[in-house]
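There are two complexes below, and they share chain A, which is joined by chain B in the first and by chain C in the second.
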Partner chain A sequence: MHVRALSLFLALATATLVRALFADEAFVVDWHIASIGSIVPSRALVSPDSVTIFSESSVLASLDTVNGTVRWRHLLDESAVSQHSHLIRLDSSAVLLAAATPADAAITHVAAWVEDSGYLVWDGYLSGGAPLGVSVSGDVYILLSGGKVQRLSRSTGSVVAEYSLPEGYSPVDIVASKGSISVITRKQDKGLGYFVLTGGGGELADDTYVVIDKNPAAVSVTKAEGYNSNIISWTVPGESTTIKLAGVSGSSAQCLTVTPEAPYASFTLTSSTSGVVATITGLDGKSWTETYIYSGGKLTLVGVTDPTESALAVSAATLFEISKTSISSFALTTTGAKLASHTEIELSPSSVEFATCGSSACLVGFKNGEYVLVTTTTGVAWARDESIADVVSALFVDLEEEGESSSLGEVLFEENAAPLQAYIHRVKRHWKALAGLPQYVIGFFQRFLSGDYDAVPVDPNSTVSDTFGFRKFVVLATTKGSLRALDTAHAGAFAWKVDDVLESDAIVGIVQGDAKNELYVVGAFGTVAYVNALTGKVMTISKIADFGLGDKVESVLSFVDDGMHYIAAWTAHGQLHFLKASSPATSMYFSKVIDNVVAGYVFKENRLVPTWQFTLPTSSYRISSFAARHPEDKTVSLGRVLGDRSVLYKYLNPHILAVAAVDDTTKSAAVFLIDDVSGRLLYSSFHENEVVDTAVGVKLVVGEHWVVYSYWSDLPARGEKLVVLDMYESDIKNERWSKGQNFSSFTETPLPFVQGQAYLFPEHITSLTVSRSRFGITNRDIIATLDTAQIAVLPKRLLDARRPVNRDPTNDEKEEGLVKYDALIGDDKRFIISHVYNVLGTKKAICSPAYLESTVLVFAYGLDLFFTRITPSQPFDLLSKSFNKGQLLLTIFALMVAVRFTSPMVKRKQLNIRWGTQK
Partner chain B sequence: MLRWKVIFTVLVYIAHTVSAYSLRGFLDSTIANGRPLTFSPTTEVVLRSAEAKYKSYIRADGESFVFLNVTAGSYVLSVNSIEHAFPTLRVDVAENEVEVFLTHRGNEWGFKGARQPYPIELKPFAPAVYYQYREGFNVLKLFKNPMLLIGLLTLIMVFVLPKMMDSLDPEQLKEIQQQQAKSVPSAIANPMNFDVASYLAGKTAGPSTSASTSQSKSAGSARSRKH
Partner chain C sequence: MLYNMSTPSWLLSYTKPSLAVVKKSTAVYPDPPSFNKDIILNTKAKHGKEIVGPTSEERDTLKVKKAWEIALAPSKSLPMNAIMSYFSGSSLQIFSLTMTFMLFSNPAKAIANVGPTFARYESESTFSRILQAKLVFIVLQLATVAVGLWKMGSMGVLPTKRSDWLAWESETPVLERGVFVS
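Let's look at the complex of A and B:
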């Protein structure tokens, strides 16, 4: 009880440091985009009510068919490898996902989910390998890579029966139908075949083995289940013009060879009510379907459609034909009558990757990561851009300041021209500007009445910033090689999109050029594109000169030296290529983390010379993360003023590289602070005997004179530890050795005095970032993305190493703003800036200052995207929203009225006094 | 009733699980005021140690959860919920036994809290509060402001008191004034006698024995100031 009372007191003591989002600002200043990741057609179930997907990002999601919003989703741990995960329909209300677990691919997790709500119906673990095939026929049959077949009860998921393949047969797939279960296998001497299992009363036994193709080299074996025929198809290397088919229902099978009308590039097989439909794409890119009727071990070709450039997809008895402008459905009968069609649809300019259809709607996937649901009745129901779920790199782009583009040149002209000319020019300019006056006046009153600068909306098509610089573009580079720009002021709407920026190259990084609207996009194979960040226009595209054969760009640097801005790319072969202008004339120092070594280099006379190496204390350590201070982070004060007016000078070394290493065997972690010019070790801290979660590792952030890192450990207190290291020049007050001199990394300067403190944080942190304001005057906030799908901010002031431990702060300490140390921080949910949003899978947050010193824009990405703005020192330069302009006006008015009435009274009284006639 | 049915079905297939141990529990949806809580499907129950992490989702009954395939060890059990705040528990899984304890963050791991029942029962202790609210215009709060009260009092004295004095019977007035003259002759100590009107009219108020003398004095001084 005593402990609780104490912690309550402490919570109250630190209460001033807790500030929360105002309820009226939630959903106004922030936005969230929920993503699901790339869709694989084999794991997408299209039904009239929902589209259920297990994506490549391991997200199981159900989308609304009407507007494409996420009805529910789970970020699962299961493997998203195509061969090892299967999503099928269990019954009318549930879907089944069978996937290998990531920790152990030999274990399969099978789970049934309620399609409408996302609750779990049942789940279970199966040992014996990853799932190779799943089939539902009454019960659930799963074939595991270890050669085992498991029959699970459809309603409870419990294992009803088991069967193991005989020695020597490798499992391929499983097909279950009403009468029989066929396990397709491959054996070196027998070729492709299947076992027919019979199973009543909980037992599964193999009755017969049917050989379907003696050639064991059969590849790309796929099944087509449903209706009256279960068909498998495969191809044989060397026979690229034919497709082999066989029915797998009976106790005897015949291998059939189909030769399509023309050479094919790819094909898919669908079992439909009218027969087996092969959707074939020819070498020229045109598609057609061939329908076969299978009966008595024979295949008869009954219909061929004309080759078309449209995408074709077959569902049940319907053939869908989707072109750029229309969608049509045809009956898959011999006549092929048109059932319905819808024209005037507009699809993405990117090329179609797949189309998968339900009874009335088709999900179409495009190469650039966009997905569209089209129906024959409404056309495009919705479109989703999922490329933003896989972000390589993101950055904020400043927009043009208001009026800047039009008048800067004109003002310069007026300054330099002859007086008369300049005067005429100015009058003309003002006359033109007068046209915008009514709009300005209306805007002024709107703003005045609402007290809200958002009351005058910024045109979404303009590239002009708003009054306070809250509007910026966030440019994302995706793994699919495209760029996306999101408008922060319009809930993340796309400002522009560019696909295949680097043609076929994969993007490694994007950096800003000299001007704020230039972007350099660098690809892995040395392609560099120069893009206008406001319009997305690719200005130039080139290759890095003398780029090594087989070399790969690993990272992109952007730095300023002697007023010159450089952009350089590190390659896997240890080369440093300067991308912009010429390579520097002066010596320059670089460091690079290569595997478990930090290496220093000097670049002089156009050559990169290795200088130093930092190796970890023991070979069992591996580098888990590293961080340096953001180059644009500003310092306004050299020291920290204490309560007694003395100063502790900050250790402001711009070359600090913080490196975190973990040891998987001893479960320990270590953090090293290195001067990355000289390679000198400045400080190290070890966490041994704490049983650290080394798989997750250490998350790091470096601020002006401090480092904050976090890790999960079991001992002594279990939880996420948040450690702060504050660096000062000296532990003696007012002592400053860097006074009046520029100190160099090479001079033997004293080591920093490091003060450290550890805190306990309630949730698991996935990344740390520090806020960065325009001038650096505002306090710093630490932004942490959490694995609870939330984003938290903690004031750096709270994470202070100087907080007095086990005693109340003295008056001097109180004046310094210190509160008594409490190991527990962040218990309050008001630290969560993402409030009720479920921000799944964020891996990183970035910051950018607004025009206002108080405000910092925060953007988090990973899977979901989240944007908000924070005010670490309260919005001191912004009139509070609760400021009541009406009340102010009313008060002034009331005073005026009061003066109007009282002044005659006072006048009369004064007059009376002068006459001496007052009673 | 439903809960027991769920536990029963859970037990049925626990018998069939592959290896390791299974844990089961539920989120308590009853609350004091009688309205049952609901837990969204995004709610995750997480079992964690430095070696392993297990995640479990809410079942179709909207409250129960089951961990399958858990290896023996000591874990922290927490709930990731957008709507509610849950306590954290310590779960020790050993052969044939599952022990559940309440934990308090920051305590040494060896220090076990109160023993909890098994199947695990998690009762949310509070709704999650993410927002702070602005204080709007409030008349009552306005009248609690001492500055406003002082202002109002002053106004009353300016306008109401002289009228009251006028309405008094002259003899009664004299009586009161005589009474007050006996006490401390200070304007501040005797606010009843303090002529605010003349004070505000530009005259320093003094203790006055009668209204007329005070007026002639003040008139004189006002005139002299003009010169």
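Let's look at the complex of A and C:
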């Protein structure tokens, strides 16, 4: 054992501080899935060449209409709140996005983008509120929530003219057409009306005010900028059977009323060349269209389609009817009759949420977060699953080892059955297994010859792991209430999908059960589903018993105590519900961050009793983040060996909780290390007068005896500060007070000796994670997701608080592996494990060990998904691909031949010596 | 006819036990040429005085002297070993490893062979004096081993420091079980 440890130590000692990804491993071991986020129909422009979208994740993207790939995308710093952002077509080659900035909702960012390339044409900032309406007619007209209309030049974006609404009128929307610009407003005593603005060269003035509805209670005002005329529609509460609409082009209002055939739940209007087409959804969920022709100051109903359960969309005199299995397009004649052209397609089993149509194609959104582009000619052009852009929780699921699934039960049977029966069973089992022998032999030789364990690919449909455990499933729980399992060995292909796993309950968390293929999915309202993680099959679904009325599950816990595995749900009312088996018999301590307080509880006799509270030093501080050590993180060595072979003992308190707080007024940050059983403060560090970016807050990670955190600050040098705190039992070498004792958080044990160092990192870090290997022998890497759309790994050995400052390391320190302290970690591209991938918007990374001690699987999610595997101490337990197996075989063969010839010679010689005939 | 003329003599000697007895040679062979028996046998007569062999005391003294020489021989190589050990450094290389191995194996072999080494000089009368020499010999060999130990210590392969026993230290048992609800 000692020899193995020594060789391992040698292997680890040779690992360098900086490592890089090898070029032949890029695109082979890693994969990346680019997402755009949830699509809102009002911010999706479907054209024959592209689909341009400003998604709920603030991604402005253009998708190819042929294959659905992302042509370009930008993660913008803009608010994606529906009311405050508008995406419209500027002209045939550019789109315009107007959106409120998140930092200050009173400032609107307007930008014109080239549709084909994603290049910025122009942009500008407008003060005066969030955009309420945008309309293009020659120039760009924007109505801001402050009551201001801005006219921007279409080619340069510069403000050409301005207009402010008179006092008392609240802005609603703006409609610009060739002849006039109408600003729709609402006033308490005058009801709904619009100002008609005139004036071309620089000045805008209100000529006329037109009242369209005296009832000030008019609600849900929507506009339809159509092919012939611009109309607005609204409804009046209490008159739920009629739709009011008005053309707002002229200086006199034409108020019209449409009375649909039946009471409606919702409607959309589309203006046609001769009138209006209303798509109406009735109270029973069925939809139909009504075609009206405008003549003689009246709208006359000319045609009604049959009610259908399919979703309907109207575009350019074409009616699209989308059902679960088909899409049909109908030419709508002026009389509203349907001229059928029908395309059978296969759509997602989920129900349709919306359909946005261009002239020939429809973008259909489904409730489960999938989107499909259907064209009348080819059917489904492509499908995208954007639910994976909004992940609630993600975890790695281990797959079965080869042959495990079939043999485990059988082996158990053989152990327990009568000897004869067991023997017969075993013979039969071995006989059956013999059928797989030829395949095994072929596979063995393939692998042997190529030296590549990926040479025999794992069947994507199987649920069997590969030799080294690189293949796992990543199970994602999405905000849409669905589960997605991705296969890490097959570029993140979906292994299985389940929608509405909790039957309309929102998923709070997923945890693994006792067996690795058990998954507990817990919803906010106490729904618990038990899912097979390998197949996605929902085994049982139930409600938590005695779940309080109006209570909500806040987090899901999974912990092991005395060899028993417990799964529990923590609710907003401070209840703890055990989902599996019984509650623990011994008392247990729980702690939770509630608002700006860390609260401790003891669970005793099936009751949760509050014990302590940790409050922040001043009320201006708020808790921005917290972290505890991963319960499966392993400690191999209790101390740190110094250069003179003495030991600094690590402070291995398993109850360390790191809490970071920020103060928005003084722009400072603080980090507290608390014992989460007793609430005792172990260490605190304050960063004042540094102008910390408190909006982003502090990123934290806790390792075995250390804490690493980072924050962005402007002083003393602008950049991300990475701070490492190493905790030791004592600053005296070889001193271990905990020896021969039992560690209790309630005894006054000495505080840890904390050594700290701070480093400067040039990029914004969005999250920190620590790698976790199978046995914990491999060095630790710190995985940082960056806002430059990259993932970086920093060796923990680099972030070491013992690095000598302002002097070269002594021989002892060199032996310890320390290098001279350098504050700047630097922009070393070898730290970047995502290489050329543009991993946009990742918010978190998770790790899982492979079967090999050297290798850790890393998965990052947020918007994009990224997977790779890292080897923090080099792949010391894996033969390199360049290892010359042929030469080794040749040498062995040559030796065999040599032995074959020399052995008779030696034998003869020895015989002769025995007989004395030769000396 | 079992044995005819063609039967080789070796077959006869194996099959006929009576014939196998080889007769002791009684032949008197002449002295080799130019061997003068008189010179050898009558040296006294030739030189005129009797050659008197050393007395048993002298012989013992001589033996003890020789034994001490052997016993003190390792002390001569000791400084060289020490200097070589010092200069070969503390790194784990094949040269210094072989040398260190020799520093242990040679004394071990020498100590194991201490009997045969001194057997030539041993007699009943010199036993106690030879024993002293033997002891000094062993002590000096142990001194070589000590050089080897010092060498190993300088290479850091002797478990003398706290870190060498770190792997055998056990974790401190934790009494409370805490769970952080994230």
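Simple rule for what comes next: the second predicted complex is superposed on the first by the 830 of 919 C-alpha atoms of A that agree within 3 Å, B and C clash if a C-alpha of one lies under 4 Å from a C-alpha of the other, contacts with A are read in each partner's own complex, and residues count from 1 in each chain.
To be clear about the criterion, contacts are C-beta pairs under 8 Å (C-beta built on N, C-alpha and C of every residue); 3 or more make two chains touch, one makes a residue touch a chain.
Since this is a predicted model, take the numbers as computed values, not measurements.
**Q** Considering only the touch criterion stated at the top, classify A:Lys592 as touching first (chain B), second (chain C), both, or neither.
**A** The answer is second: A:Lys592 touches chain C but not chain B.
**Q** Return first, second, both or neither, reflecting whether A:Ala717 touches chain B, chain C, both chains, or no partner chain.
**A** First partner only, chain B.
**Q** Who does A:Ser744 touch here: chain B (first), chain C (second), both, or neither?
**A** A:Ser744: touches chain C, not chain B.
**Q** Looking at A:Val691 after the superposition, I want to know if it touches chain B, chain C, both of them or none. Which is it: first, second, both, neither?
**A** First partner only, chain B.
**Q** So which one touches more of the residues on chain A, chain B or chain C?
**A** B
**Q** Look at A:Gln188 in the shared chain and tell me whether it touches chain B only, chain C only, both, or neither; answer first, second, both or neither.
**A** In the superposition, A:Gln188 contacts neither chain B nor chain C.
**Q** Classify the contacts of A:Asp561 with the two partner chains as first (chain B alone), second (chain C alone), both, or neither.
**A** In the superposition, A:Asp561 contacts chain C only.
**Q** Tell me, which parts of chain A touch chain C in their complex?
**A** 2, 5, 554-555, 557, 559, 561, 570, 586, 588-592, 626, 628, 635, 637-639, 641-642, 644-647, 652, 654-655, 657, 676-677, 733-734, 736, 738-739, 741-746
**Q** Of all residues in chain A, which touch chain B in the complex?
**A** 3, 19-24, 26, 72-74, 76-77, 103, 107, 114, 117-127, 156-159, 667, 691-694, 712-719, 760, 762, 764, 787-790, 823-824, 827, 829-830, 832, 835-836, 838, 880-882, 884, 887, 906, 909-910, 913-914, 916, 918-919
**Q** Spell out the part of chain C that touches chain A in their complex, as residue ranges.
**A** Per the stated touch rule, the residues are 156, 161-164, 166-167, 169, 171-182.
**Q** How about chain B: which of its residues touch chain A in the complex?
**A** 9, 12-13, 15-19, 41-42, 44, 48-52, 55, 57-62, 66, 68-69, 76, 80, 82-83, 85, 103-109, 128-137, 166, 197-198, 200-203, 215-216, 218-219, 222-223
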